[in-house]
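Below you'll find the structures, each written out as structure tokens.
The two complexes that follow have chain A in common; it is paired with chain B in the first and with chain C in the second.
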Partner chain A sequence: MKRQLPVFLTFLCAFVLTVQFFVPHRSFEQVYEVSNIWLQILGVFTILIGIMSLVESHLQKIRRRQAQWQYSIITIVGLVLTVAGGLFGSVEAGSGGIFMWMYNNVLNPISATMFSLLAFFIASAAFRAFRARSAMSTILLLAAAFVMLGRVPLGDRMSAGLFPAIADWLLNVPNVAAKRAILIGIGLGEASMALRVMLGIERSYMAGD
Partner chain B sequence: MPACWIITLILLALRGPAPAAGLEAVDTPNDHGGTVALSWAPPAEGQPDRYLVLRAAVEAGPFDTVAVLPASALRYSDSDSLTDGQPYYYRLIAQAERWSREYPSAQAIPLAQWFHRGKAVVLVFSVGFAAIMLLMIHHARRGMQLYVRPIAGIGAVDEAIGRATEMGKPILFVPGIGEASEVATIAAFTVLGRVAKRTAEYGTRLIVPNTYATVMIIAQEVVKASCINAGRPEAYQERDVFYVTSEQFPFTAAVNGLMLRERPATNFYLGKFYAESLILAETGFQAGSIQIAGTDELTQIPFFVAACDYTLMGEELYAASAYLSNDPLQLGTLKAQDIAKLIVVALVIAGTLAVTLGSDSVVRLLDIVQ
Partner chain C sequence: MRRLMVWILGMDRRIIFLLLALALVLPLLFPVKLPVRVTPEVKKVYDMVDGLQPGDVILIDMDYGPDTMAELEPMSYSIMRHVFDRGARFVSTCLSATGVSLIESEIRHIAQEKGKTYGEDYVFLGYRPYPASVILSMGQNMRQSFPIDFYNNPLDSLPLMRGIRNYADLRFVMSVSSTSGVDYWIMYGHERYNFPLALGVTAVMAADYYNYLQSGQIEGILGGLKGAAEYETLLGQGDRAIIWMNIQSVCHVLIVALIVVGNIAYLATRKRGV
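Right after this comes the complex of A and B.
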């Protein structure tokens, strides 16, 4: 029963939502909307569990004086300030409350900084990936060289438009063909996984074997 | 008599140009009901300044204006308090500064549809695929031997766990930044279960940071159950399967910090990843970890290929559960996938050949299904 009931509930929910996909009738649309609302309600409760986990994990770090435990103090203080700012101040954009101030002046710049690191990581990853160690990696290197040269004005001037044409062909023909092949595989894989979950063959999400 | 002609011409001029075609009102196809789709052609001569859409519940009226539309509009969807099954009568007036012209009225009854015809192809393929899958499961149950090609990334899972055990370092498992409802995240749980079972057996520490609390709860259950299955329930440490944040880059920063502090011997990145994929994988590379990644996010696959030792591309991630469990039922579903892929490839080849030879028969075949 402990295993059969969740499998049955999963099948029921998956079946109803699958049918809903094909039925535009308002009654089925309401089923979808209600299920989304339930998902949000459950999400709110899980946020509490998440915050408890976060606080517990960082308090433990502080108590045990683990490596770089000082950052845990910043995390806890940041959490308390954000929650207080949201509860006692305004969360509307442009309201000038502490919540939005922290969002605009702390979170956004830090996130942008992390994102900007990507440029350097792309360079270092490309340096390793484009080494001509075998025939296949040499093809990759040449393709990358043509695409890079074809995407900058210098390449266009150097080759009188040849490099951009080669780059376009590489991107629109072999690249798109490979992407579509992977996408077809992903689509079938997702459908197969969904059916396995629906039929109870795949139970890993409920800690099954 | 000429005066009559002149008056008629003046009246016609004031009346404005005749519309090219009448007003057409139909129940909006494939919708949830309560809407009527109106379409019309612009007047044959002259450009109106606006269109007025009028509606009445009875043919004799009175008609109320429901919308005033710009001259560029040639269609309108009326969804303003319509009752399904009740007929509605529409009039359209094209207005300019000097003239106005009323289109012939039209009638429509809004209805809710029970089947979305535009999704017929999806339904046919879904039912067909499910049938093939059930057939293969049936064959697998009867003992049919199924061959599955080796996947290097999955084969390397045990090797990577063994390496961490020998080095006495922890293993980091990142189940992506997708919600628990994502298929890729569900696939990641399968591999997590396998990894957790092995780490429990070997006594290796497993760290699982999570972006969503729902994912964390499931990951905790999966790791706990795997430790119990391995006969070592005490190996489960709840503090090692924890929530970080649901913000993308703060999560990335936290995991990067974790990698540089703990120096895990092995990193698993399985699930849904976006721009953080390369930041994580490059940091893991710099930390000297062996890395196994897998995602169905097409744009991130090249990053993982470039920075990780093994990458499960797209469907290989979903195949991992079947491959690791070696369960005939699951292997049967993989075979069904192969057959479906064969059908799709055959359709692509047939379509390409047909179009090259000047025939649109395959396209028309799909249109018939539609």
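Right after this comes the complex of A and C.
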């Protein structure tokens, strides 16, 4: 029963939601609307589980004095302050509350800095990785160079429009062909996996089964 | 010469960091506006917004946080300015948890600049978790996911929302996003409810969406800072993305020059068996 019930519920939900997609009747629409609301409510509970898991793992790290446990204290203090700031203060811009202060003075600069540093690492990595070691790597580095130059005004000026034309062709022809092949493959894989889950053949979503 | 080539191959990465820092700072100190060539995919988005009539309503979904705001904020600003200039109105959502306050301040900034009134000219619905589910339920009735707006006003108390039930009441949807929410807008939004959809995404994401552009599933696309600069060029308002594009120009040229120099050194030393 412990195994059959989840499999039966999965099949029932998947079957009803698949059928409703093809039946344009008001009652089926209602089923769809209710299931969407349920999905969002269940989603909120998964956030709660995520927070509990985060707190538990970091508390354990602090208790056992594991490597770099000090950062776990910062994580938990940050979590508590953010939640408290959001619950007891305003989350509107210009409100002057602690939540917005943290958002503007902690999250904003940290996120922007982390992302900005990527430019430096990409420059260094491009210098070392893009080497004409073989025919394939030469194609890769040429494509990268043309797209990089073709997507900026200076490259347009330098080549009188040639680099942008090459970059556009690369994006619209080889790129689209490869992406489309990958997407069709993913789509077929997803459909077959969905069918396996629906029919109870794939049960890995039930832990330990 | 050989020693120079060997030195180039093993160049300390801090030299590259320093060169890149100079490439970033110098165009900021001495800004130059190079003309930006407008691509058809950006012109299409511009034409969609330009075709709005006074009173029309669109949905602008803005899903990004501080990490990608440099690329996406100029896009959002240009689109919102253009919508307001056309006398049209917009409903906005943010399906990224870290971006809600940022998006709210951006909308407020442009609304103040254009002298627009909340609830009549624009509405901000805010954030709800699980974008796929939110996008699907908004297709039935926006009130399912958003019974209240970001400021806790019931939707029916807002004049703009009184005639808006779902996507069928909107002219089109524009998603400016740095998240996988874009895929949901295509798969669950456009495919199920068949509304016209345009995208604004980061430069690294843009290549992933050209196939949807070719298949006609999206109407147009603004890719990264370049897309934003093209839109600013067409709109004739704002120049932040255009100026920043020149910084990106110098950086891209520097990176390509480093690749070329690195390959010359690699080929020269390889021939000599180093």
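Keep this in mind: the second predicted complex is superposed on the first by the 173 of 209 C-alpha atoms of A that agree within 3 Å, B and C clash if a C-alpha of one lies under 4 Å from a C-alpha of the other, contacts with A are read in each partner's own complex, and residues count from 1 in each chain.
Everything that follows uses one rule, which is that contacts are C-beta pairs under 8 Å (C-beta built on N, C-alpha and C of every residue); 3 or more make two chains touch, one makes a residue touch a chain.
This is a predicted model, so every value here is computed, not measured.
Colleague: Could you look at A:Leu141 and tell me whether it touches chain B, chain C, both or neither (first, second, both, neither)?
Modeller: In the superposed model, A:Leu141 contacts chain C only, not chain B.
Colleague: Considering only touches as defined above, state whether A:Ser111 meets chain B (first), chain C (second), both or neither.
Modeller: In the superposed model, A:Ser111 contacts both chain B and chain C.
Colleague: Determine, under the contact definition given at the top, whether A:Asn175 touches first (chain B), second (chain C), both, or neither.
Modeller: Once the two structures are laid over each other on A, A:Asn175 reaches chain C alone.
Colleague: Per the contact definition in the header, classify A:Met100: touching chain B only (first), chain C only (second), both, or neither.
Modeller: Touch status of A:Met100: second partner only.
Colleague: Scan A:Ser124 for contacts with chain B and chain C and give back first, second, both or neither.
Modeller: both
Colleague: After the superposition on A, what does A:Gly43 contact: first (chain B), second (chain C), both or neither?
Modeller: Both partners.
Colleague: Looking at A:Glu33 after the superposition, I want to know if it touches chain B, chain C, both of them or none. Which is it: first, second, both, neither?
Modeller: Once the two structures are laid over each other on A, A:Glu33 reaches chain C alone.
Colleague: State whether A:Glu202 touches chain B only (first), chain C only (second), both chains, or neither.
Modeller: Touch status of A:Glu202: first partner only.
Colleague: Look at A:Ala160 in the shared chain and tell me whether it touches chain B only, chain C only, both, or neither; answer first, second, both or neither.
Modeller: A:Ala160: touches no partner chain.
Colleague: Enumerate the residues of chain A that count as touching chain B in its complex and touching chain C in the other.
Modeller: 29, 39, 43, 47, 107, 111, 114-115, 122, 124, 126, 128, 179, 183
Colleague: Note which residues of chain A are touching chain C in the complex, please.
Modeller: Residues of chain A touching chain C: 29, 32-33, 36-37, 39-40, 43-44, 47, 91-94, 99-100, 103, 107-109, 111-112, 114-115, 119-120, 122-124, 126-128, 130-133, 141, 144-145, 148-149, 151-158, 161, 164, 168, 171-172, 175-176, 179-180, 183.
Colleague: Can you list the chain C residues touching chain A in their complex?
Modeller: 11, 13, 16-17, 19-21, 24, 34-37, 39, 65-70, 98, 100-102, 104-105, 108, 128-130, 133-134, 136-137, 140-141, 144-145, 150-151, 203, 206-208, 210-211, 214, 224, 226, 229, 245-246, 248-256, 258-260, 262-263, 266-267
Colleague: Can you tell me which positions in chain B touch chain A when the two form their complex?
Modeller: 30-34, 112-116, 119, 122-123, 126, 129-130, 133, 137, 180-181, 183, 186-187, 189-190, 192-193, 212-214, 216-218, 221-222, 224-226, 229, 239, 242-250, 252-253, 257, 261, 275-276, 278-279, 281-282, 296, 298, 301, 303, 305-307, 313-315, 317-319, 321-322, 325, 327, 329-330, 333-334, 336-337, 340-341, 344
Colleague: Which stretch or stretches of chain A touch chain B in the complex?
Modeller: Against chain B, the touching part of chain A is residues 21-26, 29, 39, 42-43, 46-51, 53-54, 56-57, 60, 67-68, 71, 107, 110-111, 114-115, 117-118, 121-122, 124-126, 128-129, 179, 182-186, 188-197, 201-202, 204-209.
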